[in-house]
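Working notes for the structure below.
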Amino acid sequence: MSSRFLDRALVLAVASVGALTSSGCEREARDFLPPKPGAEVGHAASAAASAAAIASAAAMVGRYEHNAHAVSAGKRLWTWYNCSGCHANGGGGSGPALMDDVWIYGGDAGTIYLTIANGRPNGMPAFGSRIPKDQIWQLAAYVRSLAGLASADAAPNRDDAFLTRTPESFSDSQKPETVKPSAATGRPQ
Amino acid sequence: MDDARALPLRPRPRRRSRAKAQASDRRELLRDGDGAGSRAAAELERTWQDKPGLRGFLSANGHKTTGLRFVVTAFVFAGLAGIMGGLMRHQLATANSHLVGPDFYNQLFSMHGTAMMFLFAVPVMQGFALYVVPLMIGTRNTAFPRMSACAYWLYLLGGLLLFGAFATNTGPDAGWFAYVPLAGPQYGIGKRADFWNMLVTYSEAMGLMVAVDITTTILKLRAPGMTLRQMPLFVWASLVTSVMIIFAMPMVMLGANLVQFDRMLGTHFFNPAEGGDPLLWQHLFWFFGHPEVYFIFIPALGFVSAIIPTFARRPMFGHDAIVLSLITTGFLSFGLWVHHMFATNLPELGKSFFTAMSFMIAIPTALQIFCWIATIAAGRLVMRTPFLFVLGFFFILMIGGLTGVMLGSVPLDLQVHDTYFVVAHLHYVLIGGAVFPLFAALYYWFPKVTGKMLSERLGRWHFWLFFIGVNLTFFPMHILGLHGMPRRIYTYGAETGWEALSLVSAAGQVINDLGTLLFAINLVRTVFFKSERASADPWGAGTLEWSVASPPPKCNFFALPVVASREPLWSPPAEVTHVQGLSAQIREGLTTTVIDALPDTRYAYPAPEIWPFVAALSVTIWLVWSVWSVPGFAWGLIPPALAFLLWYWPNKKEAIEELKWEGEP
Amino acid sequence: MNGVHDVLSPAGPQAATLYQLWNVMLVACTVVFVVTIVALAIAVWRAPRATERAKPDLDPHPRKVATLRRSVVWGIAGSSVLLLVLLLASFVADRALSALPLANAVRIDLVGHQFWWEARYESHSPELTFSTANELHVPVGRPVLVRLRADDVIHSFWVPSLSGKKDLIPGRESTIALRADRAGTYRGQCAEFCGYQHAQMALVVVADPPADYERWQALQREPARAPETAQERRGLELVEQTSCAMCHAIHGTRARARRAPDLTHVASRGWLGAGAVENTPALRAEWIANAQKFKPGINMPPLDAAPDDLAAMSAYLGSLR
Amino acid sequence: MGGRAVTRREATPASVPAVRKGDALDVSGLPSYGFAHRSLMWWGNAGMMTIEGVAFGFMIVIYFYLRDIARVWPDSGRVPALLFGTINLGVILASAWPNYLAQKAAQDRSLLRVRLWLYVCSLFGIALCAVRWFEFTALNVRWDDGAYGSVVWVLLGLHSFNLVTDVLDTFVLTAVTYSKPVEGKRYVDIAENCGYWYFVVLTWLPIYAVIYFGARI
């Protein structure tokens, strides 16, 4: 075991431990208090505000999509707030399917946040005044994990309930492509 | 043959040229048998020496090296887990304290329990057995030294991974027995429960490997003349523990893997909605869980049975009675696991059977305690530190054992289950039943391991501080439990009235730490700064390990001893005293028959190799890969398969060397 | 959440039986402990001292060994008999526990959630059933049959002054019978580790004289009182429109979700958050604003609302006697 | 070196007794290896078999525990097809024959016979692995399809893990017979591996009964 090999092994080990640590801390953090009020998005009424929402969402990925606590809280809220009423377990019903790669308004976290907060035409109610912002971010993170876009390590495993779908940690990530809604029906062409 | 030129102890050359190889063929075969100063003894020393450098360090497989590594690593993990225990005590010292948040506290008590049970208690007992049993039964190494070396590396890697996970906020947080819905797929958030399941697989694999090694060593490698009835009591305790491990540890390994399948593959063993049952995990875990605490307790009984005759200056009273009660305790311990589940909705009649079993298992232990007291009454006492710790053991174990009887009764357990009464009981039984005998054994065998005596004065201070500290910390917990304080709470309101006794217990913890600190000072001072050497038999004991120098030569015995009584040094054999004729140029030992220890065959111990370490690394790759990705379960098996293949592939040079010593059956 | 919380001060037949069994066990074990430790002390005291150099004493000492053997045999016989006695005491106590008469029992359906208790009082006609949380009222002298189910992880129902504990296991249903013979408040706490806030998952069983109990029961069956003052009306409006209605239910208003405790008569409860914080107007406002400060890790999110809105909501909830 | 016919002496202890010389016991005449329980490898194997036997035993206990608490068993409603399981049973029982011959050849230390029968054992091993693959497909249930599917897949998986490791072991032993010189200890290893194969064969009987008839009766 020449020393040169040992040095390289040592560097590799330290690097991998570093990567493991940072991803570990991010995935396993349990911060129960929401971030300072300034950092997250107000009720975006105008288009300008929506751009701000999308911009600030990127900064929040580590806190929500890569965090196991946030994604599983999102899953709990999905059942508590009866999202399955219209979207079933992600396969869609009267509401659109969320497990596939078809996104009517865009699959990034910021847009999903705005969809939940301000609602969309054709039946998506606005929950902005009823659900705290932190929880909307958690729901957005969970919705992205339905399509396998959240990090696989943080995605929840199977439910202690009747088996309705393969666990989110199983679904392979669908590359989201946005379909332009037709002006008249609001449905994708 | 007998010219007295001293052979220089030169390290074994790694690359031997062809010429030298022919030369070694013509060299006459040197056999052991004559005393310490002879040429054969020097050759033996050279044969049994480890290879130099890092590669030598990683491939050493002597039983003393592996045993010592187990004990030292176990004490390091115990130190870390002890600090966690201290942190918890200070968090609970006052009501509504914010020293530690709930999430970190859950990781603290889960890590404290898991590290103490899986990474300290069982490995330290197996480490002592690996070190002392071959010396006590008169052989040069354990039966499968490479397997035990691989077990040590698995243990080290498993421990480092668990503490590494804890350092990256991924430590287990569902307690040391991780009940399923909370450690299951839905409520066990993130990778924390996966790391716990992985560690259980590690520590059980390690435990099983060492157990099979020790069982085979005790049954097949005893000195000629050491029949089963003349085996020392510590060897009996190690045998009973190892056989129990072989029957109990597969259970939790299977259970932990089933939980891992539930979490990773989506199976439904513990999902009540799809036909599973959360209680199944409690059955799986506690069927192993109770024998687990007896793996820790029975070796400690072995320590006490080894120490009392030496310090009472007479053979043990009721030797056979103690052997039978060790075996009975081993059997009965498999029949009482449901007393951990009295609060569930299992049928009442079934539970009362387990009450009867829990009471019955107290009888063999009582018999041993009475036999020890009889030995002390009939002996002349040497009041040194090991004996002090044994007396402390009596006092604290009795309290632990009797509270155990109380907990065994179904109705009373409904009041005290999962309260601080149970925390007090388990600490009294584990510290009284295992840590006190462990300290006694450490003070007793320390001169044999290092060749230096631990200081008596510091030893007594350590004993008294530890004795007072343990009682002051854990006795108030009985009363806290009766006042309704549940287990595993990170804080409590001032209105509950638990603050006063918790403060007393925190004070006791400080005294505990002082005692342990004194012990550490004693260790460091003796190992690094003391010079005068201990003799081969500083305590005047009777068993074989005291017949060799301190520290023992690499090959243990220059001539394997022959035994004629239970205390070979006190009543040595009349005519035949030792064995001769084993090779001094390859690592050779003598296997004997199981019951009467008649010489049976010569046995070539495997030479040190790097493969055990490589195999442990490959198993680590598999286990870590399987935590992170589902295909990892399957593809991860390729590295271990390759490693074990290379481990088994015969080494040509050694085959030629051993062929010279071969004898047809 | 204060109340009698002590195994050693029973207030019902179940706890009394266990208290007697505890006393029997304590006395028996203390006797065994003292006898053995005294025997050890005498043995150590009377045995002569020696040094490591002393020659080991190998001759068999037939007379001394005979006496020692006899004492060991007596010791074992004695401990076996004592264990048998304790075994019988345990069986007798167990039978006494299950022999509690259940005639005319109050039926409570208790569901354990992560970090609070949901209690539904059954009755013969469905519209008379009502649901409350964390604080159970029971009539003195009448048996109570509690049906235990868990909704998420394993919890354990335990009120030490009334009876032993029983686990609530998801997928399994168990029952526990208890009776309070003296009026008073008896505190209990979850006894099986269930997550971040296992430490603050307390409950209180208030034993009232039958008359008070009937009055309490009648009150609980009423829908929520209409708000009188402007502040209370503003409070109700906020409760219905912000996130409270997403999880809580208040009968008689538009809030009807069942994921969190029923707030119809929240003012009749002395504590909020299963013993986390007292139910005073100021603390209630603080609890609504940020429950995570008192009980980090529970499922109630903080609410960013103006102070006077919080005061209005706290006032409204305070009016729900 | 190989192929010499040696009268096979029973594995009796100390066929060549240790000779007493003065106050010492000269063991240089003792054999350096022995078959069956005289060899340490046999005891190691016995430990391994006990561990896996305990694991199989408890897996079967878990099967009946889950079956007992289930209202409908198998809850997926479809029982496993008998075809491949029974073929596997036949082939595995047949594989005991070359295994026995390989063990006897090892005890006679005749290298060529050992190599021959190890090849035959390896072929049986490959056939068994193939049949086992089809068995998994004919279970008519997925592993995540209720407690029944989980326990059947894990029970069959445990035995398959055991089967595959021992088949690989046989491949390795066959290859190792080519690496000269073949010292006596290697024959003991081959004999013990054959002993372990008996364990794989015998444990298949209860598992076969449980998987294929646990859902039918």
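Each chain carries a letter (A, B, C and D) given by its place in the written order, and its residues are counted from 1.
Heads up, the rule we're going with is that a residue touches a chain if its C-beta (ideal position, glycine included) is under 8 Å from a C-beta of that chain, and two chains touch if they have at least 3 such contacts.
Bear in mind that the values here come from a model prediction, so they are computed numbers and not experimental data.
Chemist: Quick one: name the chains whose C-beta contact count is the highest of any pair.
Modeler: Ranked by contacting C-beta pairs, first place goes to B-C.
Chemist: Report the most central chain, judged by the distance from each chain's C-alpha mean to the global C-alpha mean.
Modeler: Per-chain C-alpha centroids ranked by distance to the global centroid put B first.
Chemist: From the C-alpha centres, identify the chain that is farthest from chain C.
Modeler: Greatest centre separation from chain C goes to chain D.
Chemist: Find the geometric centre of each of chain A and chain D from their Cα atoms only, then give the gap between the two centres in Å, rounded to an integer.
Modeler: 50
Chemist: Whole-Å distance, chain B centre to chain C centre, using C-alpha means?
Modeler: That pair's centroid distance is 39 Å.
Chemist: On chain D, where are the residues touching two or more other chains?
Modeler: Those would be 144, 146.
Chemist: For chain A, write out the residues touching at least two other chains, lowest number first.
Modeler: 30, 158, 160, 163, 166
Chemist: Return the residues of chain B touching two or more other chains; collapse runs of consecutive numbers into ranges.
Modeler: In chain B, the residues touching two or more other chains are 103, 181, 187, 262, 266, 268, 271-274, 276-277.
Chemist: Give the list of chain C residues in touch with chain A in this complex.
Modeler: 152, 170, 196, 241-243, 245-247, 257, 259, 290, 292, 296-297, 299, 301-304
Chemist: Okay, in this complex, where on chain B does chain D touch?
Modeler: Contact set of chain B toward chain D: 31, 33, 143-144, 147, 208, 211-212, 215-216, 219-221, 224, 246-247, 249-251, 253-254, 258, 261-262, 265-269, 271, 274-277, 280, 283-284, 287, 559, 562, 575-582, 588, 590-591, 593-594, 598-604, 641, 645, 648-650, 652, 655-656, 658-659, 661-665.
Chemist: For chain A, which residues are in contact with chain B within the complex?
Modeler: 1, 6, 17, 20-21, 24-25, 27-30, 68-69, 72, 152-154, 156-163, 166-167, 169-170
Chemist: In their complex, what parts of chain C are in touch with chain B?
Modeler: For this pair, the touching residues of chain C are 1-2, 5-8, 15, 17-18, 21-22, 25-26, 29, 32-33, 36-37, 39-40, 42-44, 46-58, 61, 64-65, 68-69, 71-72, 75-76, 79-80, 83, 86-87, 89-91, 93-94, 97-98, 150, 152-154, 156, 158, 160, 163-167, 169-174, 187-200, 275, 296-297.
Chemist: Using the touch definition from the top, list the residues of chain B that touch chain C in their complex.
Modeler: 101-103, 106, 174-175, 179, 181-182, 187, 272-273, 276-279, 309, 312-315, 317-318, 321, 343-345, 348, 352, 355-356, 359-360, 362-363, 366-367, 369-371, 373-374, 376-384, 391, 394-395, 398-399, 402-403, 405-406, 408-419, 482-484, 486-493, 495-497, 538-540, 542, 567, 570-571
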